[in-house]
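Look for subunit A in each of the two complexes below; its partner is subunit B in the first and subunit C in the second.
Moving on, here comes the complex of A and B:
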């Protein structure tokens, strides 16, 4: 089911959370709303769900204007950052909740509900936890239960609010890959909110970069990274270095967009090595050049020629190779 | 103060000097024994001074029975009303933002700060024969002051804060996400309340109701002003005790007092039980 967001604005007292947002999400797509905290991404997600009412604008699901529909009639699955599992219910009862709340005529029998719940628990690989209470589960397990609970009512749209935000780094990584695989299997139109650009790049089909209540750019992960529409997008999607060229001119480049050498080469600048950090597959070198206080960070593969035997204080020659031409910005 | 915070305080004290610890504990017990335990024993010993027979005569006397009935009636009306009011008020305060919210919270606390006697006088001033509504009420043959409605009203007034006060922090701490999740899963307002909100606040609610009941049974000041002390009609148990005592009928007074005491002990046990459940719930939430 497709989602259209039409001219949506929202204020909280004097604070402008969303300013005339327009967004089309295609059926079956997995879209990330990416931005710093306070940029309005969660508000937008909650407006799509019907948990908040916009001051102006419409939400359209598959051609039908649902702006006036109550939360319970929108048929969206919603996953909260802090899970929001019902603490006094077992895992089984949590997942069964949506089915049991259906009006009597539509409500399946307890036997059908049990089958459905176990099917979902198997899907999230946690069937063995059916009798536990949420407080007995780890964060990653709780979030998977929350997802199973949201999917139980067969929503047409899945909305996830910082779903991995409360988890530790390793679990977060596992879970987001698992979510991407799950999305490939069930192809449910999904929108998730995140402030982590790596997460958005890794999981989403398209990324919506937001800042201060407006959309800065919409595009595929490669697009927003390689062709940022604004300085904000460029800085938000990755680390960057600034190299002053004199006369108030500078160029921006990413740490990996650099050529390093131990010996002097054409167009390469001399720099002093301030720090060397092996980060697994890559190594990060912090460089200091003469006429600039801002340090330069360079990232190269760990077995790069220039690294062998390199120690702090030595000299290196570097040259920026920005893929994005944004020199004068 | 809940037992959870008491336990926390005890934990930090345990690390201190052992002598100081013993002195403090001994002091606490001494105060407890002198000011609480001893009076209770006196009440009981006075009640049974002339034997079990006299005790039962005193508490089975028609006026005493009628006082007991009236007390239970006032409790039976005031407590459910405060239950409904308390849950609604706590719900509004903790789940919605609206203007006048802090004023509402302050008003809920008002009965704690106003002396019960003044509360009683307010009702006399409003509904008494010379009161604002006195003429209208007597024209319509409705009696509030010096009758059961006045006693119930006074009881409601002094017990208003108990349920709401207990629930507001609990519901604020729990937030609205589970309710939102329930609505997203298709639950209507009533289903959400019954299946999600109520189970989450259950123990806090029971605790509040127990406190409310205890206060409703024991209330003296406000009820005394509006009751008129008509024997067998508008006397509650505490008022009946006072009358007997003023008549130098000490044994009867203490017998009825021990009846009140027995009710209080039952309430205390209920309170202990709900409090234990509540603090267990809270410590579980803290572990998250």
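Moving on, here comes the complex of A and C:
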């Protein structure tokens, strides 16, 4: 089911959370709303769900204006950052909740509910936890249960609010890959909110970059990274260095967009090595150049020629090689 | 290799010792003396005292009015806690502070004030009389006084638990299609029930023993509006100390059984 957001604005007292947002999400797409905290991404998600009412604008699901519909009638699955599981219910009862709350006429029999719940628990690979209570589960398990619970009522749209935000780094990585695979299987139109650009790049079909209540750019992960529409997008989507050229001119480049050499080369600048950090496949070197207080970070493969025997305080020659032409910024 | 983490408060022996000494001085010894005093009576005499019609009528009245007062506060108190936790409005802090006033006020003052208001000639009592309802000098008046005195219990036990239930849980239920009543019935109430039962039990226990506020509004007619604590006072006035202690023991035993039952019920609910 497609989602259209039309001219949506929202204020919280004097704070402008969303300013005239327009967004089209295609059926079956997995879209990330990416931005720093306070950019309005969660508010937008909650407005799509019907948990928040916009001051102006409309939400359209598959051609039907649902702006006036209550959250109960929108048929969306919502996954919360802190799981929001019912703690006095077992995992099984949590997942069964939506089905049991249906009006008598539509409510399946307990037998059908049990089959459905076990099917969902198998899908999230946690069927063996059916009789446990939420507090007996790890964070990652809880979030998968929350997802199974949301999917039980067969929503037309799945909305996830920072779904991995409360998890530790390793679980987070596992779970987002799992989510991407799951989305490939069930192809449910999904929107998820995140402030982690890596997460958005890894999981989403398209990324909506937001800042201060407006959309800065919409595009595929490669697109927003390679062709950022603004300085904000450029900075937000990855680490960046700024090299001043004098006369208020500067260039921006990413840490890996650099050429390093131990010996002097054409167009290369002299810099002092401040720090060397091996990070696995790559090594990060912090450089200080003479006319600039801002440090430069360069990342090269760990067996790069320039690294052999390099120690702090030595000199290196570097040259930015930005792939994005951004000399005018 | 495992190492014991030393507890914050030192010494199990010491703390248990303190606990037992305090409990003994304040609760066990006085209550024990009460039981001991009743042994002046033979078993047959004891049964005779506590099965007197006047005692049984007062017993029924005391426990039923305390029960209904606790039940009313169970409903109203939960609503009050809900409003105080979930909404911000001007004067919320003041109302929150007012909840505890029934504890601070001398109960006799409360009793007299309520009687003045709800007596047939009183401000509210006269209105009630117009529709044929008599409040003061009836079990209804007693329930009213007990409701006033035990108001804080349910509010104060439910309030923190309610504050602890994140809004998201209600939103999650709504997203799953649950209607407001279903959310209350299936999500909020089960989470509140253990705390609610504690509040109910406290209010009930307090109501059973309440004396000061009730005697003014009750009218104290034997067999009709006479509560057990008053009957004990009557016996004392007649220098019938063993009779008074017998009734005291009866109250204690019945209260203890009821509170124990509530506690067991709570255990069953709380154990996942």
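In this text, the second predicted complex is superposed on the first by the 329 of 329 C-alpha atoms of A that agree within 3 Å, B and C clash if a C-alpha of one lies under 4 Å from a C-alpha of the other, contacts with A are read in each partner's own complex, and residues count from 1 in each chain.
By definition in this document, contacts are C-beta pairs under 8 Å (C-beta built on N, C-alpha and C of every residue); 3 or more make two chains touch, one makes a residue touch a chain.
All values reported here derive from a predicted model rather than from experimental measurement.
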Partners on subunit A (subunit B, subunit C) - clash or fit: clash
Which superposed partner A:312 touches (first subunit B, second subunit C, both, neither): neither
First, second, both or neither for A:62, with subunit B first and subunit C second: neither
Partner chain in contact with A:177 - subunit B first, subunit C second, else both or neither: neither
Contacts of A:187 with subunit B and subunit C, given as first, second, both or neither: neither
Touching partner for A:277 - first (subunit B), second (subunit C), both, neither: neither
Where subunit A meets both subunit C and subunit B, residue numbers: 49, 51, 71-72, 76-78, 80, 82, 84-89, 97-98, 101-102, 149-150, 152-153
Contact footprint of subunit B on subunit A as seen in their complex: 49, 51, 70-72, 76-78, 80, 82, 84-89, 97-98, 101-102, 135, 149-150, 152-153
Sites on subunit A touched by subunit C in the complex: 49, 51, 71-72, 76-78, 80, 82, 84-90, 97-98, 101-102, 133, 136, 146, 149-150, 152-153
Contact set on subunit B toward subunit A in their complex: 177-178, 180-188, 191, 195-196, 199-200, 284-285, 287-288
Residues on subunit C engaged by subunit A in the complex (per definition of touch): 166, 168-169, 171-179, 182, 186-187, 190-191, 272
